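One chain, chain A, links the two complexes that follow: it is found with chain B in the first and with chain C in the second.
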Partner chain A sequence: MDILQSRKKQVVRSNGQGMSIVCEKRSASGSVSQRACVFCGSRVVLYPIADALHIVHGPIGCAAYTWDIRGSVSSGPELHRLSFSTDLRETDIIFGGEKKLEAMLDELIDQYSPKAAFVYATCVVGVIGDDVAAICKKMTNKKKIPVIPVHSEGFKGTKKDGYQAACDAIACLVGTGSISGISPVSINIMGEFNLAGETWIIKEYFKKMGIEVITTMTGDGRVEELKRAHGAKLNVVQCSGSMMAIAKTMKEKYGIPFIRVSYFGIEDMADALYQIADYFKEQDRGIIERTEKLVRKEILDLNDQLEGYRQDLAGKKAAIYVGGAFKALSLIKALRHLGMKTVVVGSQTGNADDYKRLQALAEPGTIIVDDSNPVELASFVLEKDVDLFIGGVKERPIAYKLGIGFCDHNHERKIPLAGFAGMINFAKEVHKSVISPVWNLVPRRYHRAD
Partner chain B sequence: MLLRHTPKEIIKRSALTISPAKTCQPIGAMYAALGVHSCLPHSHGSQGCCSYHRSALTRHYKDPIMAGTSSFTEGSCVFGGQANLLQGISNIFTIYEPDIIAVHTTCLSETIGDDVNQIVQKAKDDGKVPEGKKIIHCNTPSYVGSHVTGFSNMVAGIVKGLAASTGIKTNTINIIPGWVEPSDMREIKRIAKDMGISIVLFPDTSDVVDTPQTGKFKMYPDGGVTQKEMAITGDSKATLALGSFASEAGAKQLDISFKVPFKVLDIPIGLSATDRFIESLSSVAGVKVPDSFVAERGRLVDVITDMSQYFYGKKVALFGDPDQLIPLTEFLIDLNMKPVHMVSGTPGKKFMERIEEVSGDLFKTMNVQNGAQADMFLLHQWIKNEKPDLLIGNTYGKYIARDEGIPFVRMGFPILDRIGHSYFPTVGYSGGIRILEKMLDAILDHKDATCSEIEMELVL
Partner chain C sequence: MQTNPCKLCAPLGASLVLRGIDGSMPFLHGSQGCATYIRRYMISHFREPLDIASSSFHEETAIFGGRQELLEGIHNVYKQYSPKLIGIVSTCLAETIGEDTQALISQMKANNELPEDVEVIFISAPSYAGSHSDGFRQATKALVEQLCIKGETKQQINILPAFLSTEDLRYLREVADSFNMPAVILPDYSSTLDGEIWDSYQILPKGGEKLESIASMGSSLATIELGSALDNSLSAGSALEERYFVPNYRMALPIGVKATDRFLDSIAKITKNPISTKYSRQRGRLIDSYADAHKYISGKKAAIFGDEDMVVGLAGFLSEIGITPVLCASGSMRSNFGEAVSEVVKDAKGPIVIKGNVDFIDIEEDIRMLKPDILIGNSKGYAMSRRLNIPLLRVGFPIHDRIGAQRILHIGYQGTQQLFDQIVNIILERSQKDSSVGYTYI
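Moving on, here comes the complex of A and B:
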């Protein structure tokens, strides 16, 4: 297959040494890219804050497509289940949408008494020049709640820039609440969105370790908690892109250090807990022991359960194409745990650092790709003859058409994959798809058998 | 209660839309363009829109949906998107090799004022369009109309870009099916074939978004109306446009360009609308309705009579697109059911007029609204004030159905959580039986699950 000349440097075949991949580039015009926009990034990050009002300022589509598509669950308010949009019409485009936005905020804040409101600016708003910040300021004063602009005009970059905009918005809340009574052994969980209740699993571990969680950014998030986030002693950041910006800001502003972790797979999950325990070992002498006990028990439970899956999956090959490259690292390790080999790996928004680590971890010959498209992906997985594809909504039907098992590791997943318990779910998901008898019935596999 | 934030009292809203019963134009344009063989839809705007539209269509059809994007940057917003589109066109023709590119705009490219017509002309002049390849296009600003408008605009774009005439009239009939499922398009082709009528159906997404598992990934599946078929639509005897919102513009365009007379009909959903469709088809083509259709119709009427007691007086709330809601309402009334609440996010006066026409005296008793603020929030509020026995609409209705305990039938776009729509038509007489089956299943399953033990009956 032809690869666009301008994209050639975004694909490398790992040979064990550090070859450099070109990434963090705008997609070539005309490409059938699997990427989304700035707004998408902001929206997925902020949306789990369930007691805030989320208003999409723009034409109807931007709001309609992000309406409740993520499985972020809330233990309390469900305000985020409604989709609020200014639904801009032609006259608004000509005369500006400011009045409409203001009237809407006025009505909605009175009606729902949210703890805060986020106003997302979409592409068109950026172009017609509505002063969203000014309206938010005015409303903040009038309604006495934080009304925060999210500068998420889609054309300003990729999903990653949307994470940045979301972090800027959250930063407006952090530092405005009281931090009295906070334990010296306390953390914020960052980059965890409570998909299928994952935050609750992770929080349970911290509880057992004796750690106070001040807030989660943003899974099952609450405005009042976010305001107190600066009282935590450590920020624990998951995932490559989404919350690094705020972790950095908080380090500069409040001197709170951060560590990067991943909750996927046994190794990374255990490693995360140990790192955190280690950090607090001075303040809490028993924490290491408690953590060891917790990890040991969890792993013991796991191993027996995993064995059966391992037997079936050993030697199978996988392709990974996910949003962030950091997650891909965990996935490679988790797959190894199941006896599987990763032969294609890529991401929509990885940075140079991520790709370097991927190359170090990947086996020789692995195809590593940045910002791919369906045609490329299809040819890679056929070339490597994989048994499993891990990706998102747009990749799923392609994998199935090719006769390949699939596991959704993006935001549409329905079962928790994080934590130790998540590893079992992950194994189950992979197993159920990879060894499905349906593959014996599809033409490609059918031919492979002879 | 997932929607516990929806109050019963209907508040006057001046500005906002809450939980829309519509979406934006480009997704309609994208769907229509997929109904052309070997055509790659191209979204002229930022990356996000295109990604969203593809994802939404993928979730509904569970098939790969391909489309390119101009990938706007801040620079494009200042200097215009011409450079992006020109680059995009040559990239697409070299890498993805479609026969046709179907460009639609987005809010963004519309707002900055890109002239797609002129850019496409420039691409041709600069030699960026290889021999035999075509670019078609349409404008789809989402701050006007809805997803249905976008579909309609692209249908007109297909006609403008691909229709032609040899000057020799034929007996072929053009049929524009409107925004319906691939199963429905297949069924319309079957009906015409069984009647012995030669037709060109466009757009035709059957065998494009409902493709078989073959072990291969085909960027351009086998289906879709071909350039060759489109090139004879100007010679056809007549055009039947099914649904004025989605199909009339295309039919009009054919009339303007090639003097092909057209007739606008409802989508053949339910008994009466199908009767009109079959009659019109037989009369414009000058063929007699075969006996097999009398039998098909008879089977539908038979099911209605068998089950009429369960339909009688049942109150129905429905939401969706105008072209579907109009014949569906008529069908419900034919069944002796009572439509009570209805919203459609798609604006247009014609909707109210037609609903009034098909509802007759009932109209005065109904809550009907379309266009601005005709959203799911309003529908839910109406439902809280008068509870219906059945809810019909796309997947977003499931929250209301659950919160209020109402049987729910999925029809419309998008259906994100069930299958079937791609495979089993709801148009025609047998499609009518499928609608009946779905409604009865929902109503009677609900009854079986919730009735008292005394009322539980084995035989119905």
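Moving on, here comes the complex of A and C:
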């Protein structure tokens, strides 16, 4: 396979010397990027805010394809699982869709009594010139709830710009609620989406440590909590891409510092808890000890359980292609705990810093790729003869078609993979697929005598 | 306004059609998200690799037009995929900025800017003007209009399926074979989207209707066009009739005895060959099973929803077995949907609600009122099935929560048999479960 000329600098083979990789660049036309668009970036981030209306202003497709597609669960309201579209038609394209949007907001806010409404502007809206912000303002005044425009026109950048638009929308809520009674040992959890209940696992750890969580903005999220977010003493940011913007805004505006963490794998999970404990050690003398006790107990339980899987998985090879590169780092480490080696790793939206870290962590010869496509990915996994592919729905058929095991580590997953408990689930998931006897029958492993 | 839509966008249907042509690559002229979302949605149904290129519009493209991206994209697709055909599909965005994509392509061809050994065709499919099933028809029609050439009449027939499963497409090919008649099936994604396991990566999956066969459709004896909720503006069969005088037999999907009779009789008439005894036996067994099971289902009520052609086909079938399709609903934007349903439900007892242009909120509301015994439609009906505690038989597209959507046979006596057995058994299971006795003989 020849890599397209315009993409050649987005693929490197690690040699331990930190070769530079080109990233954060627009997808090449015709290359079949695995990325989506600005709208997608905004929609994924805001999606788990469960007591808000999420209205997609545009023709039907954008709303239809994002209806209930994510594994973000809610402990209460489930408005986020509905798909609302203004369903713009030809006449709206000509005469504008403002009236339709306004009427829809009027009706739906009365019907569902949400705590806020997000209005996502799609490509067409950006072209026909609907004044979404003005309508949102008008409806905010009329309905007495925040109605917030999300400037997510698909063509106005990449998925990352969609994250920014989502953070801008969140910033409209933060700072509008009362912060009285908030503990000096308190955090906001950012970039955590409560897939399969992962937030609940993490929150349990914080509870044991004695930390008050003000809001998990985008995981089992609630509007009232978001409004109080500026009362937290520390922002804990996972998923580097999506929420850094709001963390930075809150640092500037409210002086709240942030740290970057990951909840995947043993080291990164423990490291996250220790970092947070360390931050609060002055305010809470006992926190370090409680955290150590918690981590010790969790890891002790884990090690015994992992041993069985390790025996089967030792020496197997893996490819990773995920949305954000920060997660890929954790996955490499988590796979090492299972005795597995990562030989291909890439992401849709990693930045230069992420890739530098990836190169430092990856073994020599590992293929590192930014914004890849199916043709490239298929050729990499075959070349490296991997036993496992970690990715999302779009990567799954590439793996299965070639007879390779697969682990879904994207937003559709139904099994929690975060936290210490998640590490066991991860091992089970990987093990289930990699050791399946069906691979013994696939062409790359089994040649019939005829 | 829609809440939980019962339709998708036009470029999805167009992309599916292009996946049903040998060596073809769909290319969406618009934002990257359109291609990626559609891929994701279809991959979850077909469980196959499904590449769709995009020109990845950005801000300047939307202002100044996408000529450069289009040209670069075509060359990139050509380099990576070596396709025989690239189908450029416009999206909402390209159409809204007023891009004359057809003119751009013609100009590129005239200037020799495109690779020589690849066909590049254009399909206009903005989703503000039609649903995924309209996009499917628009693409079929555009292919016929842009690829067909007049030649000597050939001993072959054209079959234009609706948005069907890969198993259905295999069945259509098998039927044509049984009449000893070559058939051009447009589209035919039976192999490209339900292929075997691979030993090496197939950049473009094998299979699909051949370009030269499509080119010869104007020379066929006749066209069988499946789908009665279709007007001439979306009909490739009409286009072939008008341009090349190929008679078009448009009919509802062959689901049920009567509809399948009509389908097979039409082919027998066109080819002047008899219907295979294989089918007459299947037909006999099907009617025999109708007799065996009629009492269990007599007077039962069903709600059907999904693509217009599937709903029409199912409505006709249910009417002939004594189940009343109390609700026939579709997100369809076509004006003749109601008429097409009315035509096939004449035998049904009791009032029937027919609704086009609806979403799942409307559908659920009607179902609460009508209290059907069974829901028949795509897997997006699961949420309401769960809430209302009414069993759901999954058919059509999409089926995102079960395996084997590709292998559901909906059509012909055999497909009808499978649907029939499942419907009866779902109803039996419910009455068995609800019974305080728990009868072991039914």
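Basically, the second predicted complex is superposed on the first by the 446 of 450 C-alpha atoms of A that agree within 3 Å, B and C clash if a C-alpha of one lies under 4 Å from a C-alpha of the other, contacts with A are read in each partner's own complex, and residues count from 1 in each chain.
Going forward, a contact is a pair of C-beta atoms (placed from the backbone, for glycine too) under 8 Å apart; a residue touches a chain by one contact, two chains touch by 3 or more.
It should be emphasised that the depicted structure is a prediction, and the values quoted were computed from it without experimental measurement.
Chemist: Quick check on the superposition: with chain A as the shared anchor, is it clash or fit for chain B versus chain C?
Modeler: When both complexes are placed onto chain A, chain B and chain C end up clashing with one another.
Chemist: With the two structures laid over each other on chain A, which partner does A:39 touch: chain B (first), chain C (second), both, or neither?
Modeler: Both partners, chain B and chain C.
Chemist: For A:79, is the partner it touches chain B (first), chain C (second), both, or none of the two (neither)?
Modeler: So A:79 only meets chain B here.
Chemist: Quick one: is A:150 in contact with chain B, with chain C, with both, or with neither? Answer first, second, both or neither.
Modeler: In the superposition, A:150 contacts neither chain B nor chain C.
Chemist: Output check: A:245 vs chain B and chain C. Expected answer is one of first, second, both, neither. What do you get?
Modeler: The answer is neither, since A:245 touches no partner chain.
Chemist: For A:444, select first, second, both or neither according to whether it touches chain B, chain C, the two together, or no partner.
Modeler: both
Chemist: Once the complexes are superposed, what residues of chain A are shared between the chain B interface and the chain C interface?
Modeler: Touching chain B and chain C on chain A: residues 2, 4, 26-40, 58-67, 69, 82-90, 92-93, 100, 103-104, 107-108, 123-124, 126-128, 154-156, 158, 374-375, 378, 393-394, 396-398, 400-403, 442-444.
Chemist: Per the contact definition, I'd like the list of chain C residues that touch chain A in the complex.
Modeler: 1-5, 7-9, 11-12, 27, 30-41, 43-44, 47-59, 61-62, 69-70, 72-77, 79-81, 91-93, 96-97, 126-129, 131, 195, 197-201, 203, 380, 383
Chemist: Within the complex, which stretch of chain A touches chain B?
Modeler: 2, 4, 26-40, 55, 58-67, 69, 77-79, 81-90, 92-93, 100-101, 103-104, 107-108, 111-112, 123-124, 126-128, 154-156, 158, 374-375, 378, 393-394, 396-398, 400-403, 442-447
Chemist: Give the list of chain A residues in touch with chain C in this complex.
Modeler: Against chain C, chain A makes touches at 2, 4, 6, 26-40, 58-69, 82-90, 92-93, 100, 103-104, 107-108, 122-124, 126-128, 154-158, 373-375, 378-379, 382, 393-394, 396-398, 400-403, 442-444.
Chemist: Taking the touch rule as given, give the residues of chain B at its contact with chain A in the complex, in rising order.
Modeler: Interface residues on chain B, with respect to chain A: 1-7, 11, 13-20, 22-27, 40, 42, 45-49, 51-56, 58-59, 62-74, 76-77, 84-85, 87-92, 94-96, 106-108, 111-112, 141-144, 146, 211, 213-219, 345, 372, 377, 396, 399.
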